[in-house]
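Listed below are the structures to be examined.
What follows is a pair of complexes built around chain A, which joins chain B in one and chain C in the other.
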Partner chain A sequence: MKKFITRVRSALSGLLVPAISIVLTLIVASAILLLLGKNPVEVFLGFLRGSGMVLKPRYAGGQGILTDFFSYFSILTPMIFASLGVMLGLRAGLFNIGVAGQMLFPGFLASVLVGYSNLPSYLAWPLIILIGLVAGGAMGSLIGFLKHRFNIHEVVTSIMLNYIVSYVTAFFINTYFVDPVTRNSRTIKETSRLLISGKADGVRFDFPVGLIVALLAVFVIRFILDRTTVGFRINAVGLNKYCARYAGINVGGNIVLAMAMSGALAGLAGVTYYLGFANNMVPKDLVSLGYDSIAVAVLGNIAPVGTLFASILVTIFQKGSIYMSSNVGVPKDIASVIIGILLMFSASGLYIEDKLQHLGRTVRPKRDSKTDKDKAEEEQL
Partner chain B sequence: MNIDKIMTDGLSFSLPLFIMAIGGIYSERSGVTMLSIEGFQGFGAFTGAITVVILRTAMGSSPNWLIYVATLASVLGGMLLALLNALMVIKLKSKMTIAGVVVNILAVALTSFLSSVITGAVTGQATNKIQLGVSPRYTIPYLSEIPVIGGLFQNIYPFAFIIIVVALLAWYVLYKTSYGLRLRAGGDNPHSLDAAGVDVNKIRFSAVVLAGGFAGLGGIAFTYMMANFSPSSYVGYGYLAIAALIFGNWNIRTTFWTSMFFGFSRSFSDQLVNELGMSSNYSDLFSVMPYVLTLIVLIFFSKHNRPPRALGEHFDKGKR
Partner chain C sequence: MTETIVELKNITKRFPGIVANDDVTLDIRKGEIFALLGENGAGKSTLMSILFGMYEPDEGQIFVRGEKVRLTSSKDAAALSIGMVHQHFKLVSNYTITENIVLGDEPLKRLGPLSWVDLKGASEKIRSLSLEYGLEVNPDDKIEDLPVSTQQRVEILKMLYRDAEILIFDEPTSVLTPQEIEYLLEIMEELRRGGKTIILISHKLEEIKQVADRCAILLHGKLVGVYDVATTTTQRMANLMVGKELDFSIDKTEHDFGEVVLDVSDLTVYNEQKVKVVDNVSLKVRQGEILAIAGVSGNGQVDIADAIAGLQNISAGSISFKGEDISRLTIKERITKGISYIPEDRQKEGLIMDLTLRDNLAIKTFDREPFSKKGILQPESFEQQAEDLIRRYDIRSGQGGQTLTRSMSGGNQQKAIIAREVELDSDLLIFVQPTRGLDVGAIANIHQQILEQRDLGKAILLVSLELDEVMALADTISVAFRGQILKTDSVHNLSKEEVGQYMMGVTQ
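This part shows the complex of A and B:
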């Protein structure tokens, strides 16, 4: 029982810093909205209504709160995958900023190879997931390999790859797969879209198949990181690679492995985005979700379950922004501003923690916080 | 093949890239990992562009000197955002790479948000594109007549002159003054700097803010080349500048040549598409060139590179 209480308490104190970041963000965002002469409550309600969490005043025929809620799920799915990918990279001390490109490439491949074919769903779905895993993983391991073998910073590589992928896929889309009307790529066959359509009370909804895989992935990654030697090595490399090398861990190999896993997760995000949430691709467009996922991973304390909760929160802003902007009249870019501010506060988590400790409260020490160092020094003495 | 055009375009692309890379060098030599050049560049350009629009509407005309006001505003805008970055990295001790990305995300978000709000209010149109006037361009007599390299002296943007002067100054300050020495010590051995009685964090702070100013100058030059500012102006030149400075081994003189290399390879591939008369789809394929080149170049040069020794570490006075 006592053990249980300490566990709950430590879980709650881990929530303190993200909670403070969220509150600070909401305050700053409200201030901006008030400056624009808009009612912040209306705007935040607009976000929630657009995400199917609060009833809208009216719905179009055949649609209801369930439609919005499930469509929120279908954008949540890639967000979970993408932020898990970023999180896994950060654990190994790698900053995977190229999630957007690692989403586009597998999404493009899956659309071209499977999306336009007549395969039945039960064959198409596993194939699409497989392509996402392999293509994303290949891109990730290339970045890891260049880092390990040639000492090229992963941020530079992944950004270069982002641009290369977006231009090259744009070329192929424009040349071979373009829809002459929309100028986007042709829409994929409904059978290969990762959605299960249903109807309840005359209200249509589409359930994203990927969501199950995403939730599964959260716990698989958690298990790998916390309970296996593979995860231990990745964590060790991320905490101190010199120390890890001294302990006999193959640092280079683990960098490549972590990047491959990170890329594979980004690949899954890609296929669930382009063949689930969307059904076509806009040439040269890298989705902002790839960058938002960094905010999510940092906000989620760089832990799998934290990342899941952070995805749920951040996706509300993303999904709800269009409805909010057409009904409240604030440009939808405010969503990215809010996410940016949120990211700013959560990146300063260490400072907030220090301030809190000054206030005399106990906060669970973060992985690389000062208290850890202090303890190590005490032990040395 | 139009050699003059390659020369002219190459130079007008490489100089802004060079000044942005100098910004990166300042910051990284002082020990602060710099990934937010892209953000400074865009935010600076946005400030410059919005200043032009507001002044133009207020005065009802657009005199030639507006371009210099825009430049100044852009430099200040870049510095303003750099201030935020410096605050996060030095005062709030956030991780430098993450802080860099935060600043980039904020820059893109703020500029797209503000440009839809402000252009809507000023011009009454629902667009996030800020139209700028056309910049005057100068051709130097006699020099422009020289075969092959004559193109370097034709149709020069006024920014080219500003950038060259600022770059020379930046070189002088970094290598010939005591401030420059301290700045470089901040990146290589901050503790000895501290022992010499210099406030390391102050030096780093100033270096990051200066980087913002340099990037803002580069940003307005790029923006006038495209004649308008829109949130889609973020095309990764800031990252290209980072690649140029890594390729240039964190040294201003070598970075000059690497920036030139990027600029001319770009204008060359553009001309190639034109010359071969290929459809516009293929220009996408050729746009990949600078990025692929960057990767290849880095593969060959990264191994022998010597980044500043204390790059990316927060200065901790008590550390042994």
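This part shows the complex of A and C:
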């Protein structure tokens, strides 16, 4: 019991610094909104209303708060996968900046192979998930392999692959799968969408099945990183590859493995995005979610559960920005500004922690942190 | 006759949980070499950081040239012509020597409203300074192309360029080879002749004995006393420094050696720059034998060790371990066969600084039972092993197994590596520079460990730059010079002077 209490306490103190970052962000964002002559409370309510967390004053026919809430979930799902992917790469010391491409390629394959077919959902869904895992994983391992074998930096390879994927898929979309009206790819069949439609009190909603997989993935990845030899190796390679090699860990193999896992998660982000949320593809377009996920992973302190919470938070701003913008009249780009401020404060986490320490509180030591106290200990020992 | 230049009065500095300096009072005279001696963590560096303006003392006063001063930054220290050479150099690696030296204090040439940095003039000034004090450098070289000892000279020149009168050296010899140390000590004497005051922070007794005039000894933050170096024996200084009687005698019993464990023959290794670093080396280590490779730094000793451990590819020759050729095996396979390796660079190679002590202790065994079962880690086993090793090897760590390795002192980090490697129960242990940068207490402890392993019948390959260490521990000495082994013989047939000569490449 006592152990449980200390665990809860350390978990709470771990939340303290992020909580302070968020409060500071809201304060600064409010100041900006006040300068724009808008009521910050209205703006924040607008975000929450757009994400289905607070009731809107009125709804269109057949829609309700549940509609918005589940729609929020269907964009949250790919965000969780994508930021998990970035996070896993970072754990191995790899910067997977190509999540957008690793989303598009599996999304394209799944749309083309399954999305336009007449397969029933119970066959289509597992196939789509599998394609996401395999195609994304293959792309990731290619990046990892090029790094391991030829020492080509993963940032270069993944950006190049982004271009290749976006142009090649655009060619095929334009040639074979284009919708003549929208100039996008044709919308995929209802049965292939990773959604369960339902109705409650006359209100329609679509539940994203991918969300269950995403939540599962958060805890599976956490288990792998914290409790398995696979995770131990990846962490070791990411923290110090020289020592990892010395200790007999196959550094190259683990780089390929980590990139494959990172790519597979990005692939899942891709299929849940393109077959569930968007349901078609814009030629040559790489979704910004792929890049936002980098910020989310950093915001989540490069840890699985942290990434989950960061995804939930950031998605509120992104999902809610359209409604907020049309109702409160602040351009929706303010969402990016707020996320930027949030990132800045979370990057100052060490500074906040240091200030807190001066206030005499105990705060959990963070990765990479070396405070005055550590230095003092170093001298003492 | 001699005037006091720096006075520290009742300095106390506390950090959360510890008192780094406890009521320390010192006076330093103009033109002397004043040594600050103490174990790792005795508070030497903190005290000098206070004098250099990096920390402010909680209590106490500082007087420089008789005037009470308050130092809030290193700029204040520089204004009082106090300079410091830090243990870790503060240089921009892709700048030239001149650029590094003038950085922050650039000499400007003006033409009307225009001004530019007068690098040429600075270069000349640096050249003449370097001649004056015998600090040979070429001001136009880039830092990244220079060996450590030259980088240190740049740091010294940086102080001289700024007309520093009081020069603080923080453990300056810990990164140098014996020859370079000699050279540095000569430079210090030269500086003293030039009227500079030098404060030398060190835990190496020999060098203090050699150059210092007076020596203050700190223990757990308190001043033990200030001693006249000429009239105090090193043994007494050592005892005062650790606060107890130390036994330096190495108790080595003679015994017969067993079977050959390691048999290296005609080994040739090229490094990444395609330079031949090991040239046709053969050596044998038997059970219960310590084979020490002596040599000046950079003569291929570390490459031999790396090649045996599998960290470096070999291009010719063979490495046989207990009769089996292992030269094509992976690092992992060699560890499993029974090769332990204490690497030269403990922070970069030996440990993962951002992992806990507990994880570092298991970094070679985490994938074996009981540390993991079917790929699942067993944290209890990690914790158990950590508790056990911390106790048996006296590893001091603030929060036991959960201590972040980075927060531990160098000596305790090394103890952790040795504990881990010894616990592998390997037939061959390779020690590379096992005592570098450690204080006398830790060194004695590690020597004890090495001898214990020898007496247990392990084969031991020791690579050391410290000739005294080689002479004290080895059963057999091989001297490396330019990648070759010039001489191999029993320690009984070699004198220290002879080994020293072979190290210089003299073969008669």
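The rule is short, and it goes like this: the second predicted complex is superposed on the first by the 367 of 381 C-alpha atoms of A that agree within 3 Å, B and C clash if a C-alpha of one lies under 4 Å from a C-alpha of the other, contacts with A are read in each partner's own complex, and residues count from 1 in each chain.
Just so we're on the same page, a contact is a pair of C-beta atoms (placed from the backbone, for glycine too) under 8 Å apart; a residue touches a chain by one contact, two chains touch by 3 or more.
It should be emphasised that the depicted structure is a prediction, and the values quoted were computed from it without experimental measurement.
Look at A:248: by the touch rule set out above, it reaches chain C but stays clear of chain B.
Once chain A of one complex is fitted onto chain A of the other, the partner contacts of A:185 are absent, as it touches neither chain B nor chain C.
Once the two complexes are overlaid on the shared chain, A:334 sits against chain B while remaining clear of chain C. Once chain A of one complex is fitted onto chain A of the other, the partner contacts of A:77 are absent, as it touches neither chain B nor chain C. By the touch criterion stated above, A:160 is placed in contact with chain B alone, chain C being left untouched.
Applying the stated contact rule after C-alpha superposition, one finds that A:175 touches chain B and leaves chain C untouched.
Of the two partner chains, chain C is the only one touched by A:239; chain B is not. In the superposition on chain A, contact of A:321 is made with neither chain B nor chain C. Contacts of A:284 after superposition: chain B is touched, whereas chain C is not reached. More residues of chain A are touched by B (comparison of chain B with chain C). Taken together, the two complexes place no residue of chain A in contact with both chain B and chain C. Per the touch definition, chain A reaches chain C in the complex via residues 226-230, 232, 235-236, 239-240, 242-250, 357, 365, 367-368, 370, 372-381. By the touch rule above, chain B contacts chain A in their complex via residues 35, 88, 91-95, 97-99, 101-102, 105-106, 108-110, 112-113, 116-117, 231, 235-236, 239, 242-243, 246, 281-282, 284-285, 287-288, 291-292, 294-295, 298-299, 302-303, 305. On the side of chain C, the complex with chain A involves touching residues 15-18, 20, 40-41, 43, 45-46, 309, 311, 330-332, 334-336, 341, 343, 348-355, 359, 363-364, 366-367, 372, 375-377, 379, 396-398, 404, 406-409, 412. Those residues of chain A that touch chain B in the shared complex are 36, 95, 97, 146, 150-153, 155-157, 159-164, 167-168, 170-171, 174-175, 283-284, 291-292, 294-295, 298, 331, 333-334, 336-337, 339-341, 343-344, 347-351.
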